Amino acid sequence: MVTVLFFVAGALAIVSTALAVTRPNAVHALLYLIVAILSLSVLFYLLGAPFAAALEVIVYAGAIVVLLLFVVMMLNLSHQSVAEERTLLKPSIWIGPGILAAVLLGALIALLSNGAPAGGDSIEGPAAVGTALFRPYLVGVEIASFLLISGVVGAYHLGRRLKEPRP
Amino acid sequence: MSSTELNALLPLTAVGAACLVALAGVAVRRNVVFTFVVTILGFAVSGAALFASSGAQSVGGLLVIDPYARFFSAVLLASNAGVALLAFSYFRSYRENREELFILLLLETLGGLVLVSAVHFASFFLGLELLSVSLYSLLAYVRTRKASFEAGVKYFVPAAVASAFLLFGMALLYDAAGTMDLAGVGRSLARAGSLPEGAVAITGLVMVIVAIGFKLALAPFHMWAADVYQGASAPITASLASVSKVAVFALFFRFFSGIDLRASALVGWILTVVAILSMLVGSWLALRQRNVKRMLAYSSTAHLGYLMLPLLSGGRAGAAAAAFYLVAYSAATIALFGVITALSSVDRERDDGAELIGLAWRKPFLSAVFIAGLLSMAGIPLTAGFMGKFYLLTVGVGSSLWALAAALVLSSGISLFYYLKLVAVQFSRQEAEPHGPRTPLAAGFALAVAIVLVVGLGIYPGPLANAIASLAL
Amino acid sequence: MSPQFSDYALVVAAVLFALGLFGVLARRNVVYVLISVEVMLNAAGLAFISAGSKLGQPDGQVMFIFILTLAAAEASVGLALVIQFYRAYKTLDTDSARELKD
Amino acid sequence: MYAIVWLIPALPLAGFLLLVFLGRRMPRAVAAVVGVGSVGLAALATVLVGASFLSAPPAGGAIEERLFGWVSLPSLSFAFGFRVDALTLTMMAVITIVGFLIHLYSSEFMSRDGEFWLFFAYMNLFVSSMLVLVMADNLALLYLGWEGVGLCSYFLIGFWYREPEYCVAARKAFIVTRIGDVSMLLGLALLVSSFATLDIQELLRRAAAGWAPGSALPVVATLLLLGGAVGKSAQLPLQVWLPDAMAGPTPVSALIHAATMVTAGVYLIARLSALYALAPAVQSLVAIVGLATLLLAGLAAIAQVDLKRILAYSTISQIGYMFLGLGVGFYSAAMFHFMVHAFFKALLFLAAGVVIMAQGEEHNIFRMGGLRTALPAVFWTFLIGASSLAALPLVTAGFYSKEWILWGAWQAGRGGPLLWLLGGCLGVLLTSLYSFRAVFVTFFGDQKIRESHLPGARMKIPLVILAALSILGGFIQIPSDIAPVSLFESFIGGVFPKAPGAAEGGSTQILLQVVASALSLIGVLAAYVLYRRGVGAHERLADSDAYRGVRRFLFSGLGFDWVYKWAFVKTFDCAAKLLKGEVVGRAADAIGSANAAIGRALGALQSGRIRWYLVGIALGAVAAVGAAVWL
């Protein structure tokens, strides 16, 4: 069962990623990307990394992709906004991601109802990861925080409107 | 984390603290002089902390503060202190925010400091990314000029791809070696050695090399360099050309000193090909350029190609040669871009070769600095660049890297042509423009230090040569 | 059982990486380039986790968390650049940014 | 007196620094005094050092002076030091004394130029670099000088010409000389890596002890070094750059491209003579290169019409003689010829400079003529120089130096007589033919252009002194069968391995000398017959019926014109083409255009599109990973 689930999630990840990088519409692409991220999260869980699986969903799907989506919406890439709003509701947009997500959901339900354990012999739970993170990798965490500062400062400076418009 | 570890981390902490102080300053009230002073103080305290410590101290298995790390940290701090001085002068007339520039510069330096002391994939990757992410914003910093923005984009996209390569390669190496410690990875690579058992490891190593090759702008990963150099403002280009390359190369060298290349001759071959390509392609492309910054971008590709000689020969002599060459290269880079900075303003970059016509008559000091930098880059005797190239050649020939040595000599032969052309142009009697504005004090100081280093190390390299002779890894 | 998983996971990671690379090379729209980069980073994360799982170490997950940090930082700067790109060129075609060339 | 050795290169360097930093604000007179004076003082110091060297030779035959430690690597260290032995002293004397005279001449010649002071700055830097090159006690310092003189040469060629066609010529010259330098640097690197020292004397000792004669390593090392020497000294096949270098001001041609820098290759081989002794095959190659160059350049000189280009080819040809001397192991003879050649070639160039200036920048000798009366001082000094070049027997210095080399060629192991026949007979004939062709065409006949500018004292004095040296310089070394004088040999001979063969030649030597002398006179006569047209000094002779008859017979009756045209002109044309660059020059052009094509191709990739750059990265990655996985 777990094996089947693993291959289903892997195949889903590949298919939805392929769709994400090829779809002409940015919103569609991002929806596929979310499906891919969810599948990846399942893979992580099956590989014995539940903490990473949770983070993948929270940070990637919850923050980064949403940020991307936000920018896509803000720039209004599909030009005709009203027409775009209408098309957003068309099944042709959500049917693909919907089917893929449904498959994923089915697999997840199968997994959970089976009560199968994640992964095989080595499960590195949140405790182990946390200990590693704040013992040997403490310096790394500090550097990572500076990395985020750099990202924030950069984004603030670059994203801001100019005091005087560009000549 | 023990107190000895904290002590050893002091140089990094100083820069990090300066960054936080500067950020707090911006939060309270914007004042560019305050930010600038904090930046310089951060560099100074960090430098002092470097000199105060000795020996090798491991920090949590991620970093090692040893003489090697300290030496390259000093080079990075000095270079970016120079860049800060230049930037302070350059951005005087910039009416948008200037404080973030110095904060980003501090962050970039911190990334470099992490890189040169990294002994683990985690610190390697985080240091590199801290450096890169800061550079994205620095390169695109001048919001009023489109070219600067274009430079930022053109660095960002390939750099992000290179990061992915780096991470994937690291993952493969981790998978094969079972550790992310650089020395451990090296040992395991030597064991894996023969293919196909080591295929995963070798593939990982090659992907890491691709990413490093991108950061160092080695051919064929060099194509972004010219556009980015040209588009970014001159002081930032100076930082990109010196700090990012020195830091990445120092790490590259440390990484490779742990790998027995004889075990995987193939990687040695790949690096040889990359080195020769870089030397020749870099020089060839530089020949055609009229824009000084583009020319320097391509020529730096060639210079990093030369540095593959000590990398491939390795050992203590290799480390010494690479260290000397990088010092010479950084000093000359700061000198050259510093002169362009002094000539340019934030609204207009004076980086066309034609801007240099008759510079010797208009601005003798700037011209002298520029000529010293060019001659050093060209490897003319009595400049630091000559001594550096001399070290490289002895190391290369000592390890029988004949093909590389020949390519080095050939490429420097070609390079002489484009460097000297720029020297000659400055003596042209055509008076292109009346005397421009005076060189600001801060930039003048940085340039004076740079020329003293370039010429001083060429005439009397003894002290530095002795200092680097003991850079054991 | 799990070693098998991790081997297959590595294959999946490689495929995802290749797809991301394809996207970066093939797409001209900056947003897609950004999406593709995120895909590549994800692939690297999967590779790390599979390696950590195979070795029974938490280090792979730690690296994944660091990658997540990078992805966030890169996305924030990248999106700021995307917004400016659109303001500057009124399009998101990367090829429009070519004032600088040989 | 030895304590002032370091001053000799330091003085011109100080002159250079003064001129560069303050020259623009100096009045012309002050700039001239600084420029000429610094070299003059260096010459004086050289004379003083030389005098004490002669009166009390230092221990070991060399003055050694370490200034300060320069480089100290764990494996390798050397000092910033000079070593002056007889060979070096000879070079130094020529560089400073001839250099001083040329500087003096330039102070008038360049006086109307806008960047008078800059010219002197470069010239001073050149003298300083050249001195460092010959005085260096280690290879790094020698290379410093080598690069330095190259640099000055490059700047000075371009001193007057900023037009595009100059750039093309300069680029070609540049590529060609760099080919030589690449080879030389690799040779130096091989030496350094083999013996872990840069000290020249130590290196030669270790080489003699460590390398078996004739084994592969010395052959490779000497071949690579020969490449450098051939490039710098404009020998076949890298000779094409020298005629192009004539674009610079005439004093530059005199100092750099005739008297000193171009002989750096000769110096290099002489300095490393112990190394060449370990590779006899390469040494023979040196002789062959010299011989081929001297003949082809001699032929090409006859085909030239530009006065300076005639002298340029003549220089190439005369350095060929020096290489011949080096190749047959007669190092002293080669150095003697170097010295004498410096005197008369500098003289010829300086005189040519006056002529060209007086003719309003006309370079074509066939548009000149009759300057014998207009410029008597120049005529007489030029005549002396040309006589010395043509090696007119007994009275000229050129005769004694060339005779010495030819005697060496005769004695060379295998093929000696052939070397003598080609180099001696044909070479001497060609030399006197082209040198007196220039004399007759330029100074005799009708004056076609009125002289516009007459030389002053500062231009005449160097001419006279150099003319005197071109005559008297020879008498310090006279073959034993004429008069047993061998001051030069006893001075410099100790530096080199002993020359092969007998010193005493007896009747053979006398016979050879007579033949060579006769040929040199025949060359003069031929030049007279062929080129002396119209009226001139020999009008009275020409008036005689007998002469007229002979001449008419020669020109028309015998169809000499026809013979001349088909036998000579065609040959000359071929030789000239060969030398002018149809072989190496075309190769250099090919390098140039290939370079441009590759540059364009590579540049086309720099399209400004980010995707292209990513494709580059991806392709590189795929190639590297592919190599890693499948190879």
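Chains here go by letter, A, B, C and D, matching the order in which they are written, and residues are numbered from 1 within each.
Just so it is clear, contacts are C-beta pairs under 8 Å (C-beta built on N, C-alpha and C of every residue); 3 or more make two chains touch, one makes a residue touch a chain.
Just so it is clear, the model here is predicted, and its values are computed rather than measured.
Enquirer: Can you figure out the chain closest to the middle, judged by Cα centres?
Expert: Central chain: B.
Enquirer: With contacts defined as at the top, give the pair, A-C or B-C, that has more of them.
Expert: A-C
Enquirer: Based only on mean CA positions, could you tell me how far subunit A sits from subunit C in angstrom?
Expert: So the centre of subunit A lies 11 Å away from the centre of subunit C.
Enquirer: For subunit B versus subunit C, what separation do you get between their C-alpha means, in angstrom?
Expert: Chain centres of subunit B and subunit C, defined by C-alpha means, are spaced 26 Å apart.
Enquirer: Measure off the straight-line distance from the CA centroid of subunit A to the CA centroid of subunit D, and report it in whole Å.
Expert: Taking the mean C-alpha position of each chain, the two centres sit 75 Å apart.
Enquirer: Using mean CA coordinates as chain centres, what's the gap between subunit C and subunit D in Å?
Expert: Those two chain centres are 64 Å apart.
Enquirer: Multi-chain contacts only, two chains or more: what residues does subunit A have there?
Expert: Each of 137, 140, 144, 147, 150-151, 154-158, 166 in subunit A touches at least two other chains.
Enquirer: Using the touch rule from the top of the page, what residues of subunit D touch 2 or more other chains?
Expert: Answer for subunit D, listing residues that touch two or more other chains: 603, 606, 608, 610, 614.
Enquirer: Please output the residue numbers of subunit C that touch at least 2 other chains, ranges allowed.
Expert: Expected reply: 6, 20-21, 24, 33, 45, 50, 52, 55, 57, 59-60, 62, 66, 70, 73-74, 77, 81, 84, 88, 94, 97-102.
Enquirer: Within their complex, state which residues of subunit C touch subunit A.
Expert: So the residues of subunit C touching subunit A come out as 1-3, 5-6, 8-9, 12, 15-16, 19-20, 22-23, 26-27, 29, 31-32, 34-36, 38-39, 42, 45-46, 49-50, 52-53, 55-62, 64-66, 68-77, 79-84, 86, 88, 92.
Enquirer: Per the contact definition, I'd like the list of subunit B residues that touch subunit C in the complex.
Expert: 121-122, 125-126, 129, 133, 136-137, 140, 143, 146-147, 149-154, 156-157, 160-161, 163-164, 167-168, 170-172, 174-175, 178, 180, 226-227, 230-231, 285, 288-289, 294
Enquirer: Inside the complex, what are the residues of subunit B that reach subunit D?
Expert: Checking each residue of subunit B against subunit D gives 153-154, 157-158, 161-162, 165, 195, 199, 202-203, 205-207, 209-210, 213-214, 220-224, 226-227, 266-267, 269-270, 274, 281, 284-285, 287-288, 316-317, 320, 361, 364, 380-382, 386-387, 390-391, 393-394, 396-398, 405-406, 409-410, 413-414, 416-417, 420, 424, 427-429, 460-462, 465-466, 469.
Enquirer: In the complex formed with subunit B, which residues of subunit D make contact?
Expert: Per the touch definition, subunit D meets subunit B at residues 21, 24, 68-76, 114-115, 118, 140, 143-144, 147-148, 151, 154-155, 158, 162, 171, 174, 178-179, 181-182, 185-186, 189-190, 192-193, 595, 598-600, 602-603, 605-606, 608, 610, 612-614, 616-617, 619-621, 624-625, 627-629, 631.
Enquirer: Quick one: which bits of subunit C touch subunit D in the complex? Just the residue numbers, please.
Expert: Touching subunit D: residues 21, 24-25, 28, 33, 94-95, 97-102 of subunit C.
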